[in-house]
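One chain, subunit A, appears in both complexes that follow, with subunit B as partner in the first and subunit C in the second.
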Partner chain A sequence: MEGGGMAAHLSVRGVSKRFGATPVLTDIDLRMARGELVTLLGPSGCGKTTLLRVIAGLTQPDSGVLELAGRDITRLPPYRRNVGVVFQNYALFPHLDVAGNVAFGLKLRKRPKAEIDASVKRALELVHLGALADRPVRALSGGQQQRVALARAIAVEPSVILFDEALSALDRKLRETMQGELRRLLRQIGATAVFVTHDQEEALTMSDRVAVMHRGRIDQLADPRTLYDRPATAFALSFVGQSLRLPGTVVDADGDGSMVETAVGQVRAPRRFLPGSPVIVATRPEHVRLAEGENTLHGTVTGVTFQGSRSVVEIDAGGAVLMAELPGRQALPDPGTPVSFGWPVAETLLFPAEEAA
Partner chain B sequence: MRTAALAFSWAMAILACLFLLAPLLVIAAASLSPTPVFDLPVGGASWRWYGRIASLEGFWPALWLSVQIALLSTALSLVAGTMAAAAIVRGRLPGAEAFAAALVSPLMMPGLVLGIAMLQYFRGIGFTASWPALLLAHLVITLPYVARTMIAGMSRFDFTLIEAALTLGCTWPQSVLRVMIPALAPSFLVAGLFSFLASFDNYPVSIFLTDVRTKTLPIKMLQYIEEAPDPTLAALSTLILLGTLVLLVIADRAVGLSRMAGTGE
Partner chain C sequence: MIALLPPIDRDRRVALLLSGPAGLILLALFALPLGLLFAVSLQAPPGTPPGPSLAAYERLLTTPHHLGAVWNSVKLSLAVTVLTLLVGYPASFAIARAKGRWRSLMLGCLFLPLSASVIVKAFAWTILLRSSGIVNTVLLGLGIVDAPVRMIFTETALIVGAVNVFLPFMILPVYAVVAQLDPRLSEAAATLGANPAAGFLKVTLPVTMPGIVAGVALVSALSVSAYVVPTLLIGERYPTLASTIAKAYLLTREPAFGAAAGVVLLVIAVAIVVLSSRLAREGRA
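Up next is the complex of A and B:
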């Protein structure tokens, strides 16, 4: 599953791309196993869509090598790559009906008529659109168009399916339904897929691994759990999930980690830095406890929000506003009261200060 | 109040339609005139004027010339106008807007001015063959119609469709043939229709470029009217009207009129 082994199904090595003087992709490496679902996650302008287009063959990289299903595809045009693309606006052909759209790629491959009909039927049934085969595509809803685009992409049995913000045009509820459905369907047909999205929830839900992209580079490529628990950079930390962050300076370091001095107390972290380094100390809101512990800091409660199964406590810690998430029905402090709080050393994250974007 | 306003709007719409259609109805009615003047067929209609069309002096050569010029100038305009539109919409040309305005500008020019200007110009360069001169002049008339329609059509065209076709296995030329041209079919049809009709019934430009042997149908028709004003002309006009209607119906069957006029989704 991890794609790090010898038999990568899709392999991107050292790919770089500039638009004029602006680097859009810098030395990208990505190896995917067959059947793996990987998301490229990042804010707009991070290069994720360009990377997708490079894999599809719609954009030529300046340097680097691409291999797909054992072939070097770096210099191949899109129509020889056997990739499927689901575009953000679906890009359905307006002059063809639903079945015509799905059959488009099969006809180009000169398959026999009976085989095309069977493949179209199968693809439409997979996306639950069997009944709409002869509708014009204009008459369909956004969700249905999305399914047609998907059926069109999978009908030709591509080596990899690429999704360019494919769900972002749908409303929230439909999007969540489609996420689950799409994941099941891709598993069912054993597809290898790359999603591009700026929606971190979608990335965590849909993928085996997530590549967090930032300024044309992959900051971290990891499974969702690792990405959340052990973000590799301050950017990955801030882009995925909620977090608390405090600036500080390393005052001591030993074999077990570093001791950091912040404006509101000292914190131990398992990562080692040279004493004197400016750093960012961070953790996730659910690790915070309002009690003295391994790491104890001091602040003032500025707000409490009850959210049913949990409560969110807002703490002013020397100017930085931190959000702590407390489970269950424990007694909560009133706004304005001073409070000691902390979190386990094992859950303390440390990043160089200059990385914080 | 609202009902009254709505009724008023409806009344105005119906009146406007009547105002626009009345001359056509009158000419169709007059073509059935029982007398040799433009009479309404009250108390007895006659089809004899239709029979006379074919025997009008020089009718067939004039019709054939008009059809030839209209078809050829439309075909050439479709090719040139479409390529120009592609360059303007997609070519990232500096000054694309100015090019577009220049292409469409003959539409804004009075036909008479255009006709005189071309006559002077062709004379000036010693280009006196009237058939090619006529074709060139009609290209100037038809090209703006095509350019305008194709620029509009292409700016609405989603070029992601081409990329989708490429990833599905189309080469570049195939994607243009299988996706772009069919998706733009309504624009081609509108452009072609406008262009054909503009050339076919053009008078003010043609009048300066025809000679005794090379006369287009509209010019011939005006000559008939001056020589012998009888309902044969009404019959001919009615036939041209019917021909236009048939064209529109075929176009409607092919792509849908609402898609052509851009009034429907």
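Up next is the complex of A and C:
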């Protein structure tokens, strides 16, 4: 799936964009294989929507090159790029009915009427809206409008489909249903797609690879599993999943890694840093056990939450609140109990402190 | 009793009851005078047997001079409507796209003249356009012309002045729609393959059509019945329906003829409004 070896279907190279004096995108590189689903994930203001608009041709980059399906599209206007966009508010044409919206791009391409009708029917059936073809779009629910926007984008068979926070306006339950459905549908038609979202769950569920964006740069571009297990930066760690993080200073480094002095005790990590470096040491809550481990700290239980298949224990360690996620139905300590807790050195992550979000 | 009715019937009954006073006022202030106007227009001319007669209408619609007045009114209305639309449509976009202080300034420039009487504005134009007016003084001073250009009391002056007076009535309804226009609609059209011209014709224009229709209805109805502007800027040489009515009532004392001209004017104005709202409904469908 990585776009590395073969010629990339969509390639973004060295793209930068400033709005006035503010850099919004800085030297962005992104290569996608045909049929790949990639999410741009980040907080608001990280540049993810601007990058999407640059790919669509709605915003012109200051520098950099864009290639799509083997041609340079950097200077092409949006109407010559063959890119589909599903907007956050769907941007359906209010003066046209459902079928009129879906047929819009096909009519501009001057396809014969019979072909247009067939394509519209097929696209609407793909999104399960075949029965609503002649409804005015105002009469539709949010979920239905979302489907019309999707049908309108896929009907013209674009080289890439771009989703700008396309699911965020839906309520949680509908959003989760749509995530699964959308992924299946995009696989079925073999679409290449870029999603923009600030929802990490959506990013992990929907995509082959996730690009974590932070202050106009891609911090990490990786598959969801790698992103979760081996975040490249403290920002990627904090933005994806839960984690416990402690600031500290490297006191010793050898061939096996570094020893870090934190406010609540010493911790060993496999990554090597120069002694004296300010760092952030971290691990995921599911690696923590309420027993001494390779790394062991001491604290007081402040809260216990039973969540069915697992339990979450909150521990106060010298002012820092940490979390341990314990599987199954084991005996849990009462709040106020002093505990020792530990986790393996191999699951200990170390980042330079200045990367912190 | 009311509580036993199904909710919808009850709502309808309450709505009827509440709209009663407004209905009565409309009846007294509009339906009644219009009925009287129509009745007067059917009065037989003096010296003929009394009873309903279409003589006033016959005179109005067969005499070349009066038919010319009808045509002048329609012509003025057409020209003013087309020109205010051509100026007002892009102006509405400029206002809607302007930011903060600029937008307030533009809207202020639009609203403020509405507080000045139309007579004042028409007089202002006569001052600007007369032989010793500012425009001619500047043209002479710059050596562009050797003698003052005759501008006042021409059809051009009439149309320029009328466009100025009626422009706000085009811009306001168009602006109201344009301000609501989602800029993403044009972007969506572009990503689907529409170049700027196609995007405008297939999305922006149809979506803003209700504003255009409202503006056209307002301006054409106002300008077809314009009295002050033609009287001051072109005068006797250009009889209109409005000036025909004024003359019949004030000068020649022929109320039946004036009323007939009033009814014809009303029919034209209503036809314009009905036609444009029908166009709007078709545009939306």
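The definition used in the following text is that the second predicted complex is superposed on the first by the 356 of 357 C-alpha atoms of A that agree within 3 Å, B and C clash if a C-alpha of one lies under 4 Å from a C-alpha of the other, contacts with A are read in each partner's own complex, and residues count from 1 in each chain.
Just so we're on the same page, contacts are C-beta pairs under 8 Å (C-beta built on N, C-alpha and C of every residue); 3 or more make two chains touch, one makes a residue touch a chain.
None of these values were measured; they are calculated from a predicted model.
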item: Superposed partners subunit B and subunit C on subunit A - clash or fit; value: clash
item: Touching partner for A:Asn89 - first (subunit B), second (subunit C), both, neither; value: both
item: First, second, both or neither for A:Val156, with subunit B first and subunit C second; value: both
item: First, second, both or neither for A:Leu58, with subunit B first and subunit C second; value: both
item: First (subunit B), second (subunit C), both or neither touched by A:Phe104; value: both
item: Subunit B versus subunit C as contact partner of A:Arg138, first or second or both or neither; value: first
item: Residues of subunit A at both interfaces, subunit B in one complex, subunit C in the other; value: 56-58, 77-79, 81, 83-85, 87, 89, 91, 93-95, 104-105, 108-109, 152, 156
item: Subunit B contact footprint on subunit A (complex, rising order); value: 56-58, 77-79, 81, 83-85, 87, 89, 91, 93-95, 104-105, 108-109, 138, 152, 156
item: Contacting residues of subunit A [partner subunit C, same complex]; value: 56-58, 77-79, 81-85, 87, 89, 91-95, 104-105, 108-109, 152-153, 156
item: Complex interface listing, subunit C residues touching subunit A; value: 182, 184-185, 187-195, 198-199, 202-203, 206-207, 209, 283-284
item: List of subunit B residues in touch with subunit A within their complex; value: 158, 160-161, 163-171, 174, 178-179, 182-183, 185, 265
